[in-house]
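Each structure below appears as structure tokens.
The following pair of complexes shares a single chain, subunit A, combined with subunit B in the former and subunit C in the latter.
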Partner chain A sequence: MAYTFQFGVVADNFPALLQGAAETVELSAAAMAGGLAVGVLGALARNVGPRPAAIAVRAYVEIIRNTPFLVQLFIVYFSLPAIGLRLSANGAAVLGMALYAGAYITEILRGGIGAVPRGEVEAARALGLTKLQVFGLVVLPQALRIAYPALSSQFILLMLASSVVSTISAEELTAVTNTLQSTTFRAFEFYFAATALYLLMALGFRAVLDGIRRLAFGRAVT
Partner chain B sequence: MNRGFGWTEFWFILSALRWTIALSAVAFAGGGVLGLAIAILRTAPVRPLRWLARGFIELFQGTPVLMQLFLAYYGLAVVTGVDISPWPAVASALTLYAGAFLGEIWRGSIEAVPLGQWEAARGLSLGYWRTLGLVVLPQAWRISIPATVGFLVQLIKSTAVASLIGFVEVTRAGQLISNVTFQPLTVYPVVAALYFLLCWPLSRASREMERRIGVRLGERGF
Partner chain C sequence: MKRRVSTLLAGLLALMAAASVVTASAAQAQALDRILKDKKVRITAEVTSPPFGFIGADGQPDGLEIAAARQIAKDLGVDLDLVQVPATGRIPALLAGRADIAISSLSITLDRAKTIAFADPHGALTIVITAPADVSIKSIADLAGKKIGITRATLEEATVPKLAPSGTQFAYFNDIDATIQALLSGQVDAAGMSGFAAKSIADRNPGKHLESKFTVTTAYYAAAVKPGDWDLLRWLDTWVFIHRQDGFLAGIYKKYTGLDLPDLPSF
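Now for the complex of A and B:
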């Protein structure tokens, strides 16, 4: 092996990598927010919506969870323009990620809602709250709290999955890394550095999200 | 030249499904062996071994599978000066990835076996390995099946990233056909449907087994 590692070129381009990492975080945060909205709507439709809506949500969850994210992304970015819905690469990335995360979040919230004691619902109904009020004011807040650890893991998984959006030329860490390695011919060094950055982000976010959990909910919730 | 999407094109995509299946099978088998070793190390009575296994799991669960693949394919090719063909690169990357996830799942299963089983086996003067192999693993095995099948779905979906280094599995075949027929609106949903047909029965089986095991555990009063 006559290869000499040169991490100097990585250090020279480090600001660009950090910029890419920031874009990864932005994309993931935007998609997570969208995914949470989708998930809450999905949970709403499943619990208090009409039957067809509940069935549609189930179909959505099953389809997303049983097909690869990459193929979903191709559908959003390459197939939708054929029916007149053309999105920028980053727009398609956020939409694809939000739809992907939304299915998992719907399932997570379903679990959380299932864990809210039945008595809570009955008590709220007995107090004269409407079904929607019971869902929004009583069940959902508790379900979110119960689901918080699973939701934090989902955010980290989403961030790691976002690496794939580089294929539709969205701007983020993997895309930046691809460009840098192809112009410098230092594939190993750059992918190594990017992998390390992803790992740091994953560990960092987990620590931060765990910290938030402790502050907000105390140590009792695991 | 424009080419339509007909049976020939469909057949091309369908026949690429065998590579998706072959890749999933190889990674699952390799990952299974690795994962078992990781799970045993992770629950070993020797602390440094536990740390080692934990580090491996954190590393592979905390980084995108795409980065692992790029490091294995582009990175190692540059470092060793030998062009690796896509098949061994993607097979080894996905094996390591599967090993980390299965290791973590099986660790949970081993830990779910009541401690009294270890103590009782010790009391009957079985050694560590015989306790593990004859008492604990057979019980852990049963507990682990639903989550293992669930991970198999995740693994099958993960093989889609192999398309990004030019390995012609079902996603790559879809891309190729989409590029010659200019019909992404048809092609990508077909690709998604093929994954769905592969994954959905497994997902359902996993859920069904989970339910059944849950019921049985309840009946026995654990």
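Now for the complex of A and C:
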């Protein structure tokens, strides 16, 4: 018996798939913003914060980077209600993804900060800037520029990792695909369609991130 | 830019090649002959929905459907290869040729029958709405305004959303464990699941005061094969006929559910 591909059913349900893709873009963009904020705060605490804060950030980075994302997500969604914090599926998804990405972004920024010439920091201090000013005005902008390529691929990875949040009932592209394939039993067709949509979204994100890079740092930097 | 386009094209070509392999590998020997010749039958095992399939105390798959799968292999006189799949993977595993028989509490539905071929039913189950005692639900109309947890690719997914009044919210999970966790943690107000699953969760979590609110539907489940494996399908029908007579099906049903096997109709 040859398997006959029937893509008509995918076309019929295309609006639902697009809706799922839009949800993926939304969740990912929110988590990227949240993750970047967490990462910058983490880098700040590590560089100019008091020692306990630096140790706390280090523990956070190690815990997140050495445990599975799926388990972290389950803790946010299933365990937080026990202490009275009942987040919606989307809320838990964004929080989980932001915490997850934040740890990696903290590390990426640490690399970028390490690459900023020591002399510039000393010069800024000699000019009378406070520690916070040195971090915000001298170190962070250069670190962001140096770390940008690594940051943008982390963002793409985060978008792809968002497929996992379907397990806590967030209705993004993978969730919609799973529902459609399980009700129409056209698994191959829908998974192919989802693969194509993820590819397009990744290319789209890359184009947007490249555009932001040009606006923020000019053409010269790669 | 040019290089990127050619990379994309290469990726698409690879996808199409993969698709044609799926088509080509389907032309094969008769299923029953192949199983007897290989001395091995591959049967799906879904181990996250007690009492149908679960991991026993010894770490091995156990349950009502696993017992049926073991008996099928024994009656065929071949080795059993349990293909562990999640609920959403039962039909894809069959269609992709990873399993010869799917026998993981697959309820018979017309939609499913469009892509797979069902044998005669060898068991029956009910779908109920279960919730803590303080949640007031008496009939399907009371679901309005509540959040109901549903497992994807199950009979409850196929029935409850269609019958529920508008204003009912649904949260869909990939496996029954997640649905149960959502119910126990209060992420959903109620959940749709088999009557057995509801009873077993209620028994294991007495502090949550879970109760089955009402029965949505009764359904018969059966083994299924790929369309075209008619010889294997006929053998499975014969298997069901024999074991309805000799009491084997009633015996395992009683053992794993504590209930008497309902009368089973045939095609």
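By our rule, the second predicted complex is superposed on the first by the 211 of 222 C-alpha atoms of A that agree within 3 Å, B and C clash if a C-alpha of one lies under 4 Å from a C-alpha of the other, contacts with A are read in each partner's own complex, and residues count from 1 in each chain.
The definition used in the following text is that a contact is a pair of C-beta atoms (placed from the backbone, for glycine too) under 8 Å apart; a residue touches a chain by one contact, two chains touch by 3 or more.
This structure is a prediction, so every number in the text was calculated from the model and none was measured.
Asker: Check subunit A with both subunit B and subunit C modelled on it and let me know: fit or clash.
Answerer: Here the two partners, once superposed via subunit A, clash with each other.
Asker: Can A:Leu70 be said to touch subunit B (first), subunit C (second), both, or neither?
Answerer: first
Asker: Determine, under the contact definition given at the top, whether A:Phe78 touches first (subunit B), second (subunit C), both, or neither.
Answerer: So A:Phe78 meets both subunit B and subunit C here.
Asker: Is A:Ser169 touching anything from subunit B or subunit C once the two structures are fitted on A? First, second, both or neither.
Answerer: The answer is second: A:Ser169 touches subunit C but not subunit B.
Asker: May I ask you to decide whether A:Ala126 touches subunit B, subunit C, both, or neither, giving the answer as first, second, both or neither?
Answerer: Neither partner.
Asker: By the touch definition at the top of the document, which applies to A:Ala89: first (subunit B), second (subunit C), both, or neither?
Answerer: After superposing on A, A:Ala89 lies in contact with subunit C but is clear of subunit B.
Asker: Contact-wise, after the overlay, does A:Leu215 reach subunit B, subunit C, both or neither (first, second, both, neither)?
Answerer: Neither subunit B nor subunit C is touched by A:Leu215.
Asker: Tell me which partner A:Tyr198 touches in the superposition: subunit B (first), subunit C (second), both or neither.
Answerer: A:Tyr198 sits against subunit B, while subunit C stays out of touch.
Asker: Applying the document's definition of touch, where does A:Gln181 land relative to subunit B and subunit C: first, second, both, or neither?
Answerer: both
Asker: Mind telling me which of the two, subunit B or subunit C, contacts the most residues of subunit A?
Answerer: B
Asker: Tell me which region of subunit B runs into subunit C after superposition, given the options 6-14, 24-32, 78-86 or 114-122.
Answerer: Comparing the options 6-14, 24-32, 78-86 or 114-122, the clashing one for subunit B against subunit C is 78-86.
Asker: Would you please give the residues of subunit A that touch subunit B in one complex and also touch subunit C in the other complex?
Answerer: On subunit A, the overlap between the subunit B and subunit C contacts is residues 1-3, 5, 74, 78-79, 81-82, 166-167, 181, 185-188, 192, 195, 199.
Asker: If you look only at subunit B, which of its residues touch subunit A in the complex?
Answerer: Its residues touching subunit A are 58-59, 61-68, 70-71, 74-81, 153, 157-161, 163-164, 171, 174-175, 178, 183-185, 187-189, 191-192, 195-196, 199-200, 203.
Asker: Spell out the part of subunit A that touches subunit B in their complex, as residue ranges.
Answerer: Where subunit A meets subunit B, its residues are 1-3, 5, 62-63, 65-72, 74-75, 78-79, 81-83, 156, 160-164, 166-167, 174, 181, 185-188, 191-192, 194-195, 198-199, 202-203.
Asker: In the complex formed with subunit A, which residues of subunit C make contact?
Answerer: 11, 15, 19, 22-24, 26-27, 88, 91-92, 95-96, 111-112, 114-116, 149, 152-153, 157-158, 171-174, 178, 181-182, 185-187, 226-229
Asker: Which of the residues in subunit A end up touching subunit C in this complex?
Answerer: Where subunit A meets subunit C, its residues are 1-3, 5, 74, 77-79, 81-82, 86, 89, 166-169, 171, 175, 178-179, 181-188, 192, 195, 199.
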